[in-house]
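Worksheet for the structure shown next.
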Amino acid sequence: MGVKVVGEQLPNMPWQDRPAGCSDVLWRYDNNPIIPRDLLPTSNSIFNSAVVPFEDGYAGVFRVDNKAREMKIHAGFSSNALDWTIDPEPIDFVCSDEEVGTFVYGYDPRVCWIEDRYYVTWCNGYHGPTIGAAYTYDFQAFYQLENAFLPFNRNGVLFPRKIGGRYGMLSRPSDNGHTPFGDIFYSQSPDMEYWGRHRQVMAAAHGWQSTKIGAGPIPIETSEGWLMIYHGVLTSCNGFVYSMGAALLDLEEPWKVLYRGRPYLMSPQRDYECVGDVPNVVFPCAALVDAPSGRLAVYYGAADTVTGVAFGTVADIVAFVKDNAL
Amino acid sequence: MGVKVVGEQLPNMPWQDRPAGCSDVLWRYDNNPIIPRDLLPTSNSIFNSAVVPFEDGYAGVFRVDNKAREMKIHAGFSSNALDWTIDPEPIDFVCSDEEVGTFVYGYDPRVCWIEDRYYVTWCNGYHGPTIGAAYTYDFQAFYQLENAFLPFNRNGVLFPRKIGGRYGMLSRPSDNGHTPFGDIFYSQSPDMEYWGRHRQVMAAAHGWQSTKIGAGPIPIETSEGWLMIYHGVLTSCNGFVYSMGAALLDLEEPWKVLYRGRPYLMSPQRDYECVGDVPNVVFPCAALVDAPSGRLAVYYGAADTVTGVAFGTVADIVAFVKDNAL
Amino acid sequence: MGVKVVGEQLPNMPWQDRPAGCSDVLWRYDNNPIIPRDLLPTSNSIFNSAVVPFEDGYAGVFRVDNKAREMKIHAGFSSNALDWTIDPEPIDFVCSDEEVGTFVYGYDPRVCWIEDRYYVTWCNGYHGPTIGAAYTYDFQAFYQLENAFLPFNRNGVLFPRKIGGRYGMLSRPSDNGHTPFGDIFYSQSPDMEYWGRHRQVMAAAHGWQSTKIGAGPIPIETSEGWLMIYHGVLTSCNGFVYSMGAALLDLEEPWKVLYRGRPYLMSPQRDYECVGDVPNVVFPCAALVDAPSGRLAVYYGAADTVTGVAFGTVADIVAFVKDNAL
Amino acid sequence: MGVKVVGEQLPNMPWQDRPAGCSDVLWRYDNNPIIPRDLLPTSNSIFNSAVVPFEDGYAGVFRVDNKAREMKIHAGFSSNALDWTIDPEPIDFVCSDEEVGTFVYGYDPRVCWIEDRYYVTWCNGYHGPTIGAAYTYDFQAFYQLENAFLPFNRNGVLFPRKIGGRYGMLSRPSDNGHTPFGDIFYSQSPDMEYWGRHRQVMAAAHGWQSTKIGAGPIPIETSEGWLMIYHGVLTSCNGFVYSMGAALLDLEEPWKVLYRGRPYLMSPQRDYECVGDVPNVVFPCAALVDAPSGRLAVYYGAADTVTGVAFGTVADIVAFVKDNAL
Amino acid sequence: MGVKVVGEQLPNMPWQDRPAGCSDVLWRYDNNPIIPRDLLPTSNSIFNSAVVPFEDGYAGVFRVDNKAREMKIHAGFSSNALDWTIDPEPIDFVCSDEEVGTFVYGYDPRVCWIEDRYYVTWCNGYHGPTIGAAYTYDFQAFYQLENAFLPFNRNGVLFPRKIGGRYGMLSRPSDNGHTPFGDIFYSQSPDMEYWGRHRQVMAAAHGWQSTKIGAGPIPIETSEGWLMIYHGVLTSCNGFVYSMGAALLDLEEPWKVLYRGRPYLMSPQRDYECVGDVPNVVFPCAALVDAPSGRLAVYYGAADTVTGVAFGTVADIVAFVKDNAL
Amino acid sequence: MGVKVVGEQLPNMPWQDRPAGCSDVLWRYDNNPIIPRDLLPTSNSIFNSAVVPFEDGYAGVFRVDNKAREMKIHAGFSSNALDWTIDPEPIDFVCSDEEVGTFVYGYDPRVCWIEDRYYVTWCNGYHGPTIGAAYTYDFQAFYQLENAFLPFNRNGVLFPRKIGGRYGMLSRPSDNGHTPFGDIFYSQSPDMEYWGRHRQVMAAAHGWQSTKIGAGPIPIETSEGWLMIYHGVLTSCNGFVYSMGAALLDLEEPWKVLYRGRPYLMSPQRDYECVGDVPNVVFPCAALVDAPSGRLAVYYGAADTVTGVAFGTVADIVAFVKDNAL
């Protein structure tokens, strides 16, 4: 199939083929979860994880809730993208402004390479949740920027290149609790400090994505548009159920939705996705893509407790979204 | 024991006896769940299931939520009532009135043989949930009738014969969300089109049935009264817990409760009942009864994800209700 | 203007002309409120009032809340439609069925002449609010019928003639509290006992009618369609605000809206509408129409405390609705 | 007293002196309300009003809710700042971007002269309330800019000059309903298009300002700091009560509060403030200041229905805030 | 009528007779409100007021909310019980224990003479509202005791003599907000420090007292039992409505209700009761009784803003309660 | 380590050592759960369990919910503290006062030896949950005392000796539902009948204990202070998560917190803790301590369904709390 993916070749990635008899677009890694909840002696859970190729292997930032159930962000490294070493200490952001740099809580990070450095965005506590931002060259030193928005906001996800000469970010305006609503917006910035030109991208819809939605991995640039994998939430009488789906956005005006998948790509069905600190959650935060082959590995939090991986191909997801558009 | 059951003999039913040492009134089938969530390639879950004897085997209508988490109703067939083939396409109801026939969503069906045909009732989306109605002769063509009530209503369950010359239906007035209250009412109709003479049957009570209640299988006519198996809901700090219990209703005035069981018959305790899209749900929608022997198989949705079966006898349930009356 | 109104000539009605300088479609009676809250020694308030021509004067049924704040329905009489005598005792409905006839509470009555008698409908307590129904020939003896619907329902309003050979009723499905939503539906009955063929008429919309809506007076048959005056509710941060507006419904298929007014006809602005047991309420329950002249008097509850009258003409309202349609 | 006020002399202002025996810091104009609810034939209410000196008289933008209870913004003019002519048509903003310029609803405007033009900010509907922005030279043509923030936000109030080389705006992050919380934040922009460097200014505190707070008139520059008049909300068991108070902010770092008044300056006490569409509201949106004399007139919405004026002096308010600091 | 009242003769009380034509049990003083909201320069409102005979006149403690809307308690004096002088400073309680004596907020006081001193109880802030207690001999020095209960509690009302050898107090367990429920309980103490033997007295019932109830004045000892005047709350769609009613309690076991009035004695109907900081409130906190004549004056807060008085006789109230018992 | 523990030596306790490689302060018993949900034929679940040394073995009182989901308290006995026999009948409390002694519901018991007898406290239904109290000498006859407090209260836990000459009890003021808040208070009594001198001990804090907290086992007297093991609750979007932690309280003024652990000691992570009637609950109610060795066994309810045991040492917990203080 002719879907072209922008990007690099991935090193050392132990891909797993689709199991025989499986017709799903995404299939889970056999050895899920790849990161157990207690990888660190002090960790309660390690889940929403943002990984990228780094040097000749991989690096990432990870949501680590400690045994006080405090939400922190840690850096980590891997040679094969599946076996991870996580720094036992949280990231200590360098910030020149005490008001901004005072750490309250941080969770659900994303990492995005733009031009010359890795940007990290996360849900940052500043009189409520908003989008924190920082950059790093080496996953050792992280330089914190201004928060992108006023509270209350979550799921800030950057695009991997400037669009129309400006940085682009997806996010979800929220409230201060377990927000029961939420759409995806697109915002722009000339300098990563001041943000504006906000556009609604898509609203919560129905079924698995009827309560709220939020962007997941860094959007993947393809010949068919930006492939956005995102989570959607359904409210059952016993709480929220988080599934993941996908949509294609216009390459130059990413607030325009070209196609949006009606069914989910994956919903919580395995024990490690259904049982844990928050039952029934699959929450994607990153995807590794091997551009030449179009192979893809989605990293997702499971039950807000552990980290899993699912495999697939960009071409299959694109076809699925177009063939099953909402 | 002298409880007489009105009805037929069941064909080809692989009954399972009470396990040694088990003192419960109902016992689960060894091979539960009998219908997995992914029996269809497009299904997210198949659970609240309404089965009846049909020709020399069995037929049924099934709640099938697809992977968009849209709620649909499918027909299915089985020779032995345990192994089911389900039509991959939802039922396409024939309806002469577009306003009524436009399908919005449908769930939690029941099927009831009355006189010369099978009636199907279900929770039908029409500006909110109400009770949809249809009939079929062959489980191929389904002819949709007027909705029985104004919204908001759920759990519409017909009686298998006219009472006092009129059709009878149980239902639960509801609101438009995850209704936190709800009693069972009885309504009457001369023609299955116009309904009236509404009577309250029983209210939510305490313990396992303290939040709301709703009728389950078609009531079973016995010499002791109508045996109504129903679900009851308790609200824990982590959401609703659905159990099942039973009551006996007056044969000629079914809105009069003769006995109502204080304990539940069965509560969610097995993994497939406690873990799934909605944890902690057993939700009965049908019962097959072998009239000569009084044996009974209750079909129930488990965790809003799969379908299970539990065995017992009418006589035991009747005795249990009378001996443990509220 | 050529709007024809179906109906009779009214006797002894002291009409009041539009005040000079007033451009409103409806104007209030100078001596409002016409019924004070303490007309009876035991009354806390007398407000939502349903009046009709009767013999050579007028009769009506009235919502009277007593000083225990219990909601009751009383009959009353007037020679000129403005000065009322109200029976100090609530109506004692004759009912052959104790289950239906046991009075729990009753409020917000409407009265409708059909063929040979006056029908009364009201919000009747039966395990929650539903639509009670009765008829009378003389406003002395009232014969109670079956409740029209299952709970929860309010604002049941009959049409003054059969349509398509069946009785027609508007109502609003509700919940069991101060319902924060609600649309108008149309239901049909061959016999005033069994009801079906339910159709949605119109939903809450925006502005003054953005929270919920409910039919008010008996619809007025005109050459332009059924003129339905109804209330709409807006939710401010200090509670509900009840205004009144109008729409035109198709004569033979009254669930089809021909025109619906975007602005309100009247909102609570006078002291007796803004201050009282429930501030900011005008709630129409009846209209007297003089068919030959098209003059009209709307009776409405003010602040859930007293009863007011507003004057106008059918032609002006029809023109207003058509010229300012939503 | 030595408080110096930055600004111009006001023309033609009919000041009213403090009534004898009155010890309040602010006193109401004798002829309140100055703008009745029905100044326009189509208006339901005219209240939160933003006025400025213009040419040799005054101009302003006004919240006008029409009789459909739709929220619009109108321009208006006055020679003496008390008698107003309001354009019967809403402002038709010129906007080059359809996505931004599509008018959904607008309310609670403010007007601020900066350098060479009048900026208007208001609560603008864009997938929820956010801060709309526009400018005008003549109150005839209004040129709409990008919305300043993501939803949900209200009470966007500009500073009358750049601070630290950047435009400054106060606002209150909100949710999508009758928000029951809310603090004042300060945001900065190099260009009125991109906003960042968000700082919390002050939180809801206690008493009259315990639920939420929001900036009112354009801050007044004085030798003691920026004088910010703002509203505070207390939640009684019968809803929100809106009062007004004041604080002094640092001139160069306005997110630093120098003094904040513990008591309110004015609370709803007069009939036109206590009775109306929303009882118990005084909501300041503008202040006219005569710099040489320090006299001041605060314009405020009353009961969300009409517009009132209160008089005082900057020096008295400053002294009051400093002497009664929280 | 033969109802005997225990107590003293009142000095200098300007009684007002029942107005001609009035059939109500209680009638309002002509010059209501007797205490305006701004009697003190710093007061926002003065309402729930507890008055007692003192020396040859009267003294009392008063809820005074200042213009910061902080809730404080002040002492006051009067020669004729209608014209009051209120101390501009709040009461400064003497307390040996800093933890208890730290004043957070105080409201809704009651005063009760027992044996040799005046006890004051009020709603006292200590990690939520609870019942504060103190005593005074002279209304100059007030000695604070331990809080009677754990939070959350309101409306603590002492009995004027020991019963069964123990002090008795009525109170209402509450939550930490605008509690939407609440019954009256009776608690006992050997020493005014330790409380126990808690008994429920009466629950919220229906109509005007369907949401919650709370004791008002010190119970009045009569030959028919303790006459308890209390407030009841009804929840309308626009908030709480506070009315007052009465009940008779057993003299020796006051948790036993002898009679309880079904209708209210008085509901908010006058402008000063319907319009103010909290619309629709009459809230009784004290009653002066002239024992020889049985005349009584009830002091009540109106609209949470001002203080009113209503007159009546103990015999009439007793008869009313017995003749209209719930 | 030098922590001294006050108490006795335990008989026949099959201690289990810390598993190799485990660094947790507490470790679970290998054969958990020690009490299955269906130990009794009528039990739905047996969980929050209070055990003490008794004679030459152990006794306890247990929360047993039956299959009607009614909450009862049963006595039980064990020779080794792990294998339990539970009385199939609930405890029948002897009570001289019918008002107090009428059993409504009882749950979450604790047992405390003081001086000469075992005191039982539990959450007792009396117009809402409050703290019931009783004593026994032999776990056969239980003598019920007055309820300690007014409703609403839960988690009443006695201290094992008088402090300052008075009995001491911890408890948590609550509301009448699934309370979403709650702090621990300390109350005192000269006689186990009257309670006063209430002091707040500690509030809900953050992380795992951010919603509410409640005392668990009887506090353990050590040379470092009272060791209080307690539960804390975090609210996820899918409900409450109950973990357990510890704090040290001052020996003579136990309302003073010396140290409070920031991380939890144990959170729900095993299947039997995460899956059951209430997912994600570990709820400690008792601890057996072997004073000479400092070994300790914590008894806790798991998933509100079964009973588990975890082992550790007092010294380790004390060190953990001091080294990881909040």
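Going in written order, the chains are labelled A, B, C, D, E and F, and every chain counts its residues from 1.
In this text, a contact is a pair of C-beta atoms (placed from the backbone, for glycine too) under 8 Å apart; a residue touches a chain by one contact, two chains touch by 3 or more.
Here the structure is a predicted model, which means the values were calculated and not measured.
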Which listed pair, B-C, A-D or D-E, duplicates the contacts of A-F in over half of its pairs: D-E
Chain whose Cα centroid lies at the greatest distance from that of chain B: D
B-C or B-F - the one linked by more C-beta pairs in contact: B-C
Copies chain D and chain C - interface residue numbers shared by over half, same or different: different
Chain centre separation in whole Å, for chain E relative to chain A (CA means): 59
Chain centre separation in whole Å, for chain E relative to chain C (CA means): 42
Shared interface positions of chain E, touching two or more other chains: 238-239, 275, 279-280
Touch-based graph of the chains, sorted into line, ring, star, complete or other: other
Interchain pairs in contact, sorted by label: A-B, A-D, A-F, B-C, B-F, C-D, C-E, D-E, E-F
Of all residues in chain B, those that touch chain A in their complex: 37, 41-42, 44, 66-70, 178, 238-240, 275-280, 304
Contact footprint of chain F on chain E as seen in their complex: 99, 126-128, 146-153, 171, 173, 175-176, 181, 183, 185, 187, 189-190, 193-200, 203
Complex contacts: residues of chain F adjacent to chain A: 23, 206-208, 210, 234-239, 241, 243, 262-264, 267, 269, 271, 274-275, 279-280, 324
